[in-house]
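In the two assemblies presented below, chain A is common to both, partnered first by chain B and then by chain C.
Our next item is the complex of A and B:
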């Protein structure tokens, strides 16, 4: 999407003006409505949530972006979930505090059969992808890529620590070029000096496994600080420098 | 009476807000969609649970009465059909309320304290706008009083409320629909219509008189500006990035 100076703010209850919506090259292609937008027949589009209206002209999609605290699941999202209990066929997991449980089939892992099903205990942390979301059914997760059958890094997260961040921050961290597109430079700077593994869940959870607990804590706290303080790249550099000095790797 | 608003005051709630107006202060928190208890579960829509807590003592009949009115009003703006079999929990804690009964010499239990209602409703509305719950609309609520001499006063002080002949609480949605009217006292149809017009001006801006728009910003405009500022802050990292 080309840069646009106008980033329209939309508010629930008011129709979104036709001039803001993308004009498809092919008039037969329908407009797709993403999160936070609804269609009111016959031809009005209104926002259901306050935020910035984002438009993808190529895909002909509109959606509303905002940084809400509670994550709303969407198919294809990567999430970090906690195992609550195991049943005959599936695990019951939780992706947000107090929210309805989600399902993960025992066979939704790489290279498993009925005889080699994974053993996940209550409290285990799982990195998974959202497979299906339906308001009338329970959300289902998978721990492998359905098209290749490979795990692609999904599965149980052993060791490490979980940190809470805002869903908006996790979206930024998961961008393909998180530095150029998301304005996150700290990971690249820290990776030059430290060894750590990191998994980002769009549900606002961040899992980090550093070589020591101290390093894990330091990285997690730094990312939370960037999230809360809306630090720019320059401030992130300073923060990373201070952090590395504190743990003696500066 | 001017009001002041603080958004996201509670770190763990999905949406929260402190709404203060004069001597009234309300802390609102919204959580949802959450897992619902079996007995409260609705198959086609979300259950809305409103809890009003007084500044002192236990919640009683008056708080139940407020809860009923707030529930009815919020149900009209929340898209409950989007989250079937879930719970949306709304807690409204009154942190400060004027000690009107002590001055009036009435027993505390007997007063309905209707003038607290707009603060409760506005706090709930702003907290909802901070949460991720889908809304079909937004509203703003205000209190209007009718004096014995027939004068209509918007945003009255506590002293004025005490001497009022009747008190009216109104809530208007953004397109200008009236979604809540609650009146107390004696009044006639003409003065009531006058109250409606004054209330609509308070909530939506002066529609009849465009000559003096700067005098007082409508509640809706103020709410919108607050939420816009909040969104712009969380999106501020985007400023130097060409996405």
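Our next item is the complex of A and C:
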């Protein structure tokens, strides 16, 4: 992913020096600005939100990554949303408390037609992908992969429990190599002894369905503890051992 | 069924606090009022922390250090303690009309115990005035076209505000003459700094970080000699000075070198003066306030870095 080794901290108003910007392989390719950076004509780029400056040389992108409580949606993000109400064509969902509602079309599921549209009641939990974000329109979600038409694990989350974590923690959990890059080892350790299903939303929500309520609670609390206490891998191992002993599977 | 027609006292009963007038008189004679011990261009240290309110999208706590010789006991001088929470950007209620930009709402409220004179729970004119000043100061930095049809609430609670008088026993150092007290100026400066930190903590896109700063022209003491009897001090504490002639607070953007807010009060001249480095008093006041504001910028950056 990000190729830079040094992680410069930026804050609003700070001009980003040319040397930090990615060097494109093709000089004709224009630089893409992601979240938290702004172009000030003619050729200055300044940060607009605080965080770590991330650079992707391959894609020629620069953006600011931060760990705020507030989630800002971007196309392609996986989120866990709650159904508020259903309208004629779509569901109205909420990703975060006190944030604008988002849309999920009735036909944005795997294998549905007008006749077999899914029935989601108020309060149902849905695992979905952000399709489009526009400041003037409502954000739209989908529950299937548009290129293959398959659900890929998206859809309604039945049973289980929701836990609140920080958006930064959910980003770590969703990394391909969450142990090496994100420093998360607890899931691998627990998966050796317990059976559970887990879905991570980048909006700072975590859905867990264990075989018993007790196990579900224990896993959720452990991940919240790792998030708040910033536990390293060694401490996570100890925590997992303690947790398994308490459940009686140690 | 409780009595809903009358306002009844607390069921437990309370003991009124008694201040012995003799004690107060003796005490007043025994302690002296605080005197500014730091240099004219030296600021008081501030404490700034973000993320204290978990439910808000951004929050900050701001505190100014106590006068070293009056930091405890009966003769404790007042300082500044401010909390700020930022809620949003969030959707506006259905009844409101369309706005292409984010609506900014600022609320400034003194806690009832914030000053020697108790405040009511309903916002008074001084608080509303502060809120308007604060809004102009932070409106310019937020990129509010990124969130149409949304609102942003900035809520400030002043837990302790600076009094113009020191230790409310008629030892009042100056009369504000029914005008806004000079203490309000440093309160506004603190509010700007706290609000800006909370907005940055909320991750709301800003063109820069705005900081507040205050400078004042004060009458020099009798002993000091010089051509002018006025002196420019940064970050004035009103109770430490015999007479403040003029005071200025600015909202300053350091990276862009711009001002979003200037509030000046008092008796100042526009003609260049010899005593204050060939500048006019107005210019030297604004420059002083800018100097104070830019010093706080580093504190904000280090507090959001954590």
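Details
Here is the rule we go by: the second predicted complex is superposed on the first by the 245 of 250 C-alpha atoms of A that agree within 3 Å, B and C clash if a C-alpha of one lies under 4 Å from a C-alpha of the other, contacts with A are read in each partner's own complex, and residues count from 1 in each chain.
Basically, a residue touches a chain if its C-beta (ideal position, glycine included) is under 8 Å from a C-beta of that chain, and two chains touch if they have at least 3 such contacts.
It should be emphasised that the depicted structure is a prediction, and the values quoted were computed from it without experimental measurement.
On the superposed chain A, the two partners chain B and chain C do not both fit; they clash. Look at A:230: by the touch rule set out above, it reaches chain B but stays clear of chain C.
Which of chain B and chain C touches more residues of chain A: that partner is B.
When the two structures are aligned on the shared chain, A:98 is found in touch with chain B and with chain C. In the superposed model, A:76 lies in contact with neither chain B nor chain C. Residue contacts after overlaying the shared chain place A:52 against chain B, while chain C stays out of touching range. Look at A:172: by the touch rule set out above, it reaches chain B but stays clear of chain C. Applying the stated contact rule after C-alpha superposition, one finds that A:183 touches chain B and leaves chain C untouched. By the touch criterion defined above, A:11 reaches both chain B and chain C. By the document's definition of touching, neither partner reaches A:241: not chain B, not chain C.
The superposed model shows chain C running into chain B at a single listed stretch; among 1-9, 19-27 or 127-135 it is 127-135. Judged by the document's definition of touching, chain A residues 9, 11-14, 36, 38, 46, 48-51, 66, 68-70, 72, 98-101, 135-136 lie at the interface with chain B and also at the interface with chain C. Across the interface of their complex, chain A is touched by residues 51, 54, 57-58, 87-88, 90-91, 141, 143, 146-150, 200-209, 253-256, 300-301, 304-305 of chain C. Those residues of chain A that touch chain C in the complex are listed here as 9, 11-15, 36, 38, 46, 48-51, 66, 68-70, 72, 98-101, 135-136.
Of all residues in chain B, those touching chain A in their complex are 13-15, 31-35, 77, 79, 82-86, 129-138, 173-175, 224, 227-228, 231-238, 240-243.
Considering their complex, residues 1, 3, 7, 9, 11-14, 36, 38, 46, 48-52, 65-72, 98-101, 135-136, 166, 168, 172, 180-183, 230, 232 of chain A touch chain B.
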